[in-house]
Amino acid sequence: MADLTTNIGKLVMKNPVMTASGTFGYGEEFADFIDLSRLGGIIVKGTTLKRREGNPYPRMAETPSGMINAVGLQNKGVDYFVEHIYPRIKDTDTNILVNVSGSTIDDYVATAERINALDKIPAIELNISCPNVKEGGMAFGTSCTSAAGVVAAVRKAYDKTLIVKLSPNVTNIAEIAKAVEDAGADSVSLINTLMGMAIDAEKRKPLISTITGGLSGACVKPIALRMVWQVAKAVKIPVVGLGGIMNATDAIEFFLAGASAIEIGTANFIDPTVTIKVIDGINDYLDRHGFKSIRDIVGALETA
Amino acid sequence: MADLTTNIGKLVMKNPVMTASGTFGYGEEFADFIDLSRLGGIIVKGTTLKRREGNPYPRMAETPSGMINAVGLQNKGVDYFVEHIYPRIKDTDTNILVNVSGSTIDDYVATAERINALDKIPAIELNISCPNVKEGGMAFGTSCTSAAGVVAAVRKAYDKTLIVKLSPNVTNIAEIAKAVEDAGADSVSLINTLMGMAIDAEKRKPLISTITGGLSGACVKPIALRMVWQVAKAVKIPVVGLGGIMNATDAIEFFLAGASAIEIGTANFIDPTVTIKVIDGINDYLDRHGFKSIRDIVGALETA
Amino acid sequence: MVASPWTHIHSATLQKDMRKYLLDLTVNSNERLSGNYILMKLSSEERLPDMLPGQFAEIRVDGSPTTFLRRPISIHFVDRATNELWFLIQLVGDGTRKLAELKKGDTLNVMLPLGNSFSMPALAQEELLLVGGGVGIAPLLMLGAVLRNLGYQPTFLLGARSKKDLLQLDAFETYGQTFVTTEDASFGEKGFVTNHSILQQKKFDKIYTCGPTPMMKAVAAYAAKNGIDCEVSLENKMACGLGACLCCVTETQEGHKCVCSDGPVFNIKDLKWQI
Amino acid sequence: MVASPWTHIHSATLQKDMRKYLLDLTVNSNERLSGNYILMKLSSEERLPDMLPGQFAEIRVDGSPTTFLRRPISIHFVDRATNELWFLIQLVGDGTRKLAELKKGDTLNVMLPLGNSFSMPALAQEELLLVGGGVGIAPLLMLGAVLRNLGYQPTFLLGARSKKDLLQLDAFETYGQTFVTTEDASFGEKGFVTNHSILQQKKFDKIYTCGPTPMMKAVAAYAAKNGIDCEVSLENKMACGLGACLCCVTETQEGHKCVCSDGPVFNIKDLKWQI
């Protein structure tokens, strides 16, 4: 039995396996299938300052080895989360993280402040792939300055572990990661979804209401792996890897590329017990290869 | 029988289906399987000024619904092409295009000049995803200025149809397309491969010698489709779409997104006759939906 | 005859507390029906979990490169005597074709029971109409069996394009009077279900319907016009089936709701249909 | 007994003019052999195309989400009497497992014949040694049959981990004397092929080898040391199989060459092996 404990900033996890925001609800939805207390952490739905209805249906399209979604951050707002959802889930015996989203820096800050007050939420994941309404809808995460801007502002308002989730829809993700590190992030997680599109050729219409949406699933793993590798070489803070992890072998690849922890997203839709299989599979791998700790394989890719 | 004829700049094609550079050799390799004269065009291997040995083996890894390759532009150089290959293939009854690659603007220009002298080569596809050795190896195609720079220089030296192949590894591909249009391109083709990575978890080594390589195949189609749609809205010149086209339905999706022609790449490895099936399938679709010409469905996606 | 899980149920919200399972079921039979449909019967070593009429399963289709996600399939019937779960499936794409290839003894991985369920009538004596179209008739067989078991005399009204698309008629008739319409008049009355004479002849207190959206909207319009309580079972594109991904939402009076977890059954009062 | 396509051949470059085909072949039998191997025999309505020893096929594996590209498989044997093509396949991943599930009557899509071939001996009287390891013995059966048919008396030397990994021994023995080594001494002489006593007892003019790279390098080193002409059949990761994608290259005296089209057979003189 290898040592799977992992630290991300001040966040201490029993193992490096978390669930990705928007793919695992608030954990409750999966409680019939797995023991939630076995998880390293649960990152709950993207939460915004005000309630959001999200995008019209249809919001999802299947693609080769993946899917596109355009949920549009549907959530009941941070106040509802604090008053109704938090009390329900706060005593789950794992780390509950909140994914914080917004359209303006003020929104991000106000939401982070509300979450900061919650004892049982040790960390947030800041989703900077949202459009910045004050800058023509360009996503915060697509330029170093706007990414650093929102992170610096949230850093002032939030004193627990701050993980910043990076957008892969950029020319140089390592640059953005460094900007975010300099702005005070304790960690970066990547990749968020890639911007994709699906069309119904017979009807000559887009398959999702917003025309484009976020691509995830096994198909994006090669891109996610490459970006994790680039970012891990560029920053000193720990990297959380995600993007198409379907099994333990995929997870190992992310650790080797430099991730200190991982998130499982779309795979939860295909097998609601996949997280447990990945945790057990990581342990088997470490034992089989004679590693005492998960830390021994972080960035252990031999490129010489 | 609908009208499939398509024009890209001065290039006239009997149909809008071409083969992507590096996936169809010089056409000869597939002559046992299909009648090459049925193709709209064949874009032959990436050709550079001097002979290149390319990257060490291994150069390829399979990924979910796709593959990563790192051939590294192995080719015998433009002079060898002009003296030995061109005479062999010039009389193929289809358009033969040459994909022109380089490491410096001078290389690109010198290569384009040599090709410009060949009567039976009506167009080139300029591959600007190559690293610019004079700018720290950053790919020409990842900034507007360096992309426009190489295109403007080649435009001066080349007076036939100039198609510029865009890199998808950028934040805003529409901007690059516009810069390239302003620099004198007759058309843009997209997408080139996405930068990806594959790891052997058991050996803890990369699966290809160069660590990262170009991702292609069905898995990239949603991203390619999105980029074609963005670029087609941004430029006036015709767009050539490629990226994960496996069948006629995929091809139709690219036309609807705004492509005037398409290229088939990785799919040739799985079915050497796929190009013919796509051409026939496009014709069936047009007949079935009562369109007289392929031009009727270019950009016909109903997004209202 | 099914041992109804309903016998002691008076709250339609019970399913909220129903445990969900991930099971490898064994194919007992996989029969190709007329037209493009299969009837698959599966069982398990253990007693099959409790399931309610209107609930569904998310099934894993293996060996289909084009099927990345699970497929939601309505629970057609649960035969407690043989401990068999029935699926009635229309063959549409590569995924369902792979399902059609499953043979006796093969394994199918299913997540179930998912979603809410049709609600039971408020009163002991109600005239109940179950209206189905195409493969949408699937959940109505279990519903009819449960209602009959509770002492009701359900009436089935089933619509199809043509005779060959009419499925499981004998099974339906064991639980109630069954009327049929076909668009090509090859069987029963010609036209759509809403044209059937039974709607003039008999007064119903409640209508349950499942089928193509245009059909359900026509049925809903008829129910609304005649002040009849009406529940519809929706089928949206789903990913997780558990209310986690929020992909399969439909518009309701209270905003977007998940068809997979808040539904698939909705009372037309709660939807925003223009009827 | 195969009707050798070689009878009139004196140039080893003939395959350059050999037409390639994309065929749907029918599975006649698919036998699970000892260990983790299958022997698949396929046929066609038409006469199977001409194929040379050492050539291979790119086969399409359907219904395997993890198999995006075709799989290169050596041509094990062509039985002209029954018009059957034989494949000897080791089960390694999801793709080959899917192949193992194919039954009599199923269809397999194949591209063939691909690659060059082993070259024929220069002289009428030569002592020829065919050295195979593991599943790498596959192409040597057809080669042995062709050589025997041309009047040679080939000697086979086959190595395996253990007795259960020794395949098709009877088939090989019909075409020549067959010697065996196993690493665990469960059959034949103990050790690697290069340890076998036949190499001391008999002098060979030419060696053909196919198997794991370390084995082929050891054989190549033995051949080089003793001045014996030696051809090896390489197996690199391939995409197109036609020399178009340039993925499967190996280093040669003339730079990178495609294993799929310039090979798979190379004379060790032309490779850059450190031996």
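Here the chain labels run A, B, C and D in written order, and each chain numbers its own residues starting at 1.
As a convention for this text, a residue touches a chain if its C-beta (ideal position, glycine included) is under 8 Å from a C-beta of that chain, and two chains touch if they have at least 3 such contacts.
Remember, predicted model here, so these are calculated numbers, not experimental data.
Student: Please flag the chain sitting at the greatest distance from chain D, going by CA centroids.
Tutor: When every chain centre is compared against chain D, the largest gap points to C.
Student: Nearest whole angstrom, what separates the Cα centre of chain B from the Cα centre of chain D?
Tutor: Each chain reduced to its C-alpha mean, chain B and chain D end up 36 Å apart.
Student: If you average the CA atoms of chain B and of chain C, how many Å lie between those two points?
Tutor: The answer is 48 Å.
Student: Could you put a whole-Å number on the gap between the CA centroids of chain C and chain D?
Tutor: 56
Student: Please output the residue numbers of chain D that touch at least 2 other chains, ranges allowed.
Tutor: Where chain D meets two or more other chains at a single residue, that happens at 65.
Student: Check each residue of chain B and list the ones that touch at least two other chains.
Tutor: Those would be 63-66, 217-218.
Student: Touch graph across the chains, line, ring, star, complete or other?
Tutor: Per interface graph, the chains form a ring.
Student: Could you run through all the chain pairs that touch each other?
Tutor: A-B, A-C, B-D, C-D
Student: Sort out for me which residues of chain A touch chain C in the complex.
Tutor: The contact residues of chain A facing chain C are 22-25, 29-30, 32-33, 45, 53-54, 56-67, 69, 71, 74, 217-218, 266, 268-273.
Student: What residues of chain B sit close enough to touch chain A in their complex?
Tutor: Counting only chain B, the residues touching chain A are 63-66, 68, 142-143, 169-172, 194-199, 201, 203-206, 211-212, 215, 217-223, 225-226, 229, 244, 249, 252-253, 256-257, 285, 297, 300-303.
Student: Mind pulling up the chain C residues that touch chain D in the complex?
Tutor: 63-65, 98
Student: Chain B touches which residues of chain D in the complex?
Tutor: Residues 19-22, 60, 65-70, 111, 236-251, 255-256, 261 of chain D touch chain B in their complex.
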